[in-house]
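Here chain A shows up in two complexes: once beside chain B, once beside chain C.
So, the complex of A and B:
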């Protein structure tokens, strides 16, 4: 297993360098001039290339060097743990990342936990009641919630619970999972992807229920709940965990809208700011962190397979 | 199953741990402690105890950089709460002492001497010194400080060019005469230098805290956790840059009028819908900036009102008199006279705020006799159009700078007025010049853009709008040059503000521009208020600064 994890991580490094190169190149050649963006907020100064002040800032920030030199310098600094200084707010990128990372991860983990706790049982219930009203109700509800985008669900829930029936304060910022402020953001984060998990769980249960060993278990006269819990659920979890990995990855990397609407200071908002301000250091730092999180998530999903299905242990041993 | 349970348990533990690690950025907080005993507060019969008088200001932009040395952008919108300006200007443009108690100039207006108020101290009780003033202003000029508007204040100071180019960290034109006296030497005469520095954007900071040994700004020196010594009526006690939030309490060493609030919360709320709910609920009192299509219906006319300052921003359509058909005076006259700014403004801003435009100097010289506007004269327009040499071969008219929905509406109305009065058919609205080919960019005849002046001075407004060396005349008016106008503006700008001829010459220059038909007024814009009715004594100036922040108050009996 250790060998497997080691090689997985080794394969990650060239991919990371390649992606950073692409992002850096996109920003360098196509993202606009960060200095002009820096000074265009409300400035009345004519801040154009050639202006001594413009050139001085460019030189002092090291932005007048060739592309490859700048990129190489960035990589070298990252290898030494230095993520650089944000061009936009003149603060260390690492400081912002370390403040934002736990928030984004805790939202993603909490939403994933909610999805697992609610979504998997609903999928199982739907499968056990195939084509009857519970199945129809669960599936149509899942489809309904899947059709509501985050930027619609968020203000609607706020209007409902903060204004029409003011039982909650308007959520802003992030004070932790177990706070009143987290109720609406976590609901919005989990309700849409939950539809995917419900459908996946339902489909997997239906597949398993037609297997010979389930028929055998039932023929032996085992109680139905024992058959489901002990024999059917375990193989069902493999595809569901795969789906949960995808959901988790999306929550980690796609929290932008959620964070903007609720004023949550997570990674998504840093990415948005990095793009808008053409802030190389910030965007590259965020890319690196997101990559690490996605890789880690996929790794955890892969590691969990043999726990769920021992037949996969052999496959992983050969996977180098 | 045991292993699965272990994995799930581990995940849940991770959630708990991460949740605990997550920055409790904007957790609901207790009302900040007051620095003075509540018993010393004057009793207010209809309101709650003073300890609860906390104003909440929200901002749609997350500010991570609260340095008072940036000079522009959302980052400076709360500066007047915690930093005192050298001199302050009220809403009528009149100057009042603040850090500087008095000032004087040499007869040629090239050397200015400022005396610091002996009562002026920082929040830590230390006096504001001439070294602090000099150091702050020098730091503003450093490239890495990224001050957005430093040239507006110090470009005339001896040594400025070397400092902004990064070749010097000091300004030889600013000299410390003694602990409370600063002398500023200018490269050329500037009779309104003191008016220029009447802004919060260059308020003195405690330079020993802000500037490092290398002459550059120290990272995060302004952060509340570093306990910066501030000079305004309020001081920060908590700050979270990731959520753009600050909590202020009254500054116990503030030497000005006693602040009326016991605390101010300032934080970012990017989502417009959430901001509206917070304002309606009373969870917020002021929004620094917000324009949603439903704002008027949701929050009413009072909320979207404006405090028209002495120095409004003029939203105008500027004419390039060097391209056909505008190179013919009669054509320009016809296009300007056919326009009706009142209708344009009603269509673009049905609920305001602002006033429809008339002339450049009307807002600045409102109480005095000013020039008459040349717009809204359909018959005159038709008569002029008969004399227009392009009447039978009218080129396509481009209206550029329609970068926002309001400007689009105004341009549409303007184009319709031209169609109805002059029969102009072929037109095109251009949001940005780069949407046109290079060849067509040179043909643009009308460009929508704003001009303004942060100094209550008619000549300054003309210097930034119709003077041939202004950015507006060069970029938006196609290099407009009227020698007579330039001569009058230059003559006016050499006179002190107290000389009545300064304004008379400005009026004369404006009259020539009106007769040259080189602009179409749209509306005069003041800073939007975006405050709920229970907020008292709130007004903002052209720098987005709260004027007289010590008077800011709330009527808690009206707050939900």
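So, the complex of A and C:
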């Protein structure tokens, strides 16, 4: 198992460092001069290149070192939880990130739960009614909701339920998952990626139903629901869990837009503020956190494979 | 994804043996596509949007930039069918012009990214080996992370160099076109989306090329001593292109979605040029007092992306009848 996890790590870690390198290089060479951005509110010439005060700040922040040294230094500091300071208000980026992270993660996790609880049964129902109306209805609605962008669904639902039929309060800010305000954001967050799970669950059930042991179970006279729940459902979970990495990617991208629509103070808001203020160190920190979240999900998916599917446990003893 | 229309799974050979049969395949696929009612409806909606995008300037009742502060944020009326926005501009004209923005961006993105994808995918699939390993590792990586986040990084960091370059071009050529910020926005948005969106094309084409490259006619072409370039361009790519077309339809929808998401975030097409994304963003500030401002671009954008999603699905069923994609 340790060897397996090691190889999985080796699959992801170089990739993440490579991406981080590209992102850092883009910000370093493409983005504006950090010192000029930091002091852009002070209308003086003191912070233009060549001025001694400018050079002093540059020296102090270590910005006159070569690119690779700065990148290495950044990686080293990030590993100890130091993400640098914001170019906008000079506060530590880590502080804002750690305040925003739990909110984004709790949205993502509860949306994942909703997706699993609603999406898997829908996929199973669709498969059991293959090519009949429940199947067509479920598949076309999944396709329909997959087509709607988050920042379209969010305001439209808000208009429908807070203004046209005012049964919910206008969601603003974030007070936790189990509040009335969370209903609309969580619905919007989960409805789009749910299509992925529905399709995956449906095709997995269709695959399983043609297996011999299902025929055996049916032949020995088991009730249909016992056959499905006891024998068909477990192998269905593996391909669905495989899909979780993609779901997480979509959830995170969606929650960025969602947080902006509903004023939720998560990572999405930080990215938005970073864009508005040209705050490169904040954007870098947010990108890094999102890369880490996606990687973590994919690693968990990889590790849970052999636990769910005993055939893979045998396979990984030999080679990865 | 499979739907009710894919019942005939084994009727069509994937590779045509003769030229005449190739036409047969396309006709067959077309017939299957036309049987899918949702796909036909989507095609009609998409064609209507193309019509508005091309002839928009002749159809808009007002100039999309003309402000009239005496009629700010008006509800729909007989003069302004969709009302006016917070600067008194006609919303219908802006929504129609938004179709132009969306279509232009997504067409450019699809053409450029499928071109890059075809080049990379055929190199990767034909040569294999280390190049293949690296390219596939890279596309895997790209596809594992949210395009939106990578796009934000690209858009924010490519803007300063691009605007410096355009300023320089203006100074050296004195062509006022280089001073238009809308042109800068357009170039930036297209570049960024192409950079994050070409990977699926490469992957799709690679797997097709790998399936095709060992066929006898490729071997024959090689035995004739044709150059690798000729073999790939004349014999391999035409036989591997089908799934790329499916991907192009899906890519058109997602390019439109990404463009509006970027404009929504303020890093895509910037006001005053209308894009559905920046119109949604602008009207979020006053959605309780003027909900029509929000509803109009949101509904149109939703309609378009949903249409592309159904069209892509229909094309997939029509062109890849054997594929039972989950």
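Criterion: the second predicted complex is superposed on the first by the 248 of 320 C-alpha atoms of A that agree within 3 Å, B and C clash if a C-alpha of one lies under 4 Å from a C-alpha of the other, contacts with A are read in each partner's own complex, and residues count from 1 in each chain.
By definition in this document, contacts are C-beta pairs under 8 Å (C-beta built on N, C-alpha and C of every residue); 3 or more make two chains touch, one makes a residue touch a chain.
Given the structure is predicted, the values throughout are model-derived calculations rather than measurements.
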First (chain B), second (chain C), both or neither touched by A:238: neither
Partner chain in contact with A:166 - chain B first, chain C second, else both or neither: first
Chain B versus chain C as contact partner of A:129, first or second or both or neither: neither
Touched partner set for A:26, first chain B, second chain C, both or neither: second
Touched partner set for A:70, first chain B, second chain C, both or neither: neither
Which superposed partner A:36 touches (first chain B, second chain C, both, neither): neither
Chain B versus chain C as contact partner of A:261, first or second or both or neither: both
First, second, both or neither for A:105, with chain B first and chain C second: first
Chain B versus chain C as contact partner of A:155, first or second or both or neither: both
Set of chain A residues, in rising order, touched by both chain B and chain C: 155, 158-159, 163, 170, 260-261
Partner chain A, residues of chain B touching it in the complex: 1, 3-4, 7-8, 11-12, 14-16, 18-28, 62, 64-65, 67, 71-74, 143-144, 146, 148-152, 161, 164-167, 217, 219-220, 240-243, 245, 267-271, 273-274, 277-278, 280-281, 283, 471
Residues of chain C touching chain A in the complex: 1-4, 7, 38, 137, 140-141, 144-150, 152-154, 156-161, 253, 257, 260-261, 264-267, 277, 280, 284, 287-288, 291, 294-295, 298-299, 301-302, 305-310, 313, 324-326
Interface residues, chain A side, partner chain B - complex: 38-39, 41-46, 52-53, 55-57, 59-61, 85-86, 88-92, 96, 99-100, 102-103, 105-106, 109-110, 112-113, 116, 154-155, 158-159, 162-163, 166, 169-179, 181, 234, 237, 260-263, 265, 269, 273, 304, 307-308
Residue ranges of chain A in contact with chain C within the complex: 15, 18-19, 23, 26-27, 29-32, 131, 135-136, 139-140, 143-144, 146-149, 151-153, 155-156, 158-159, 163, 170, 199-200, 202-204, 239, 245, 249-250, 252-253, 256-257, 260-261, 271-272, 274-276, 278, 280, 283, 286-287, 290-291, 294, 298
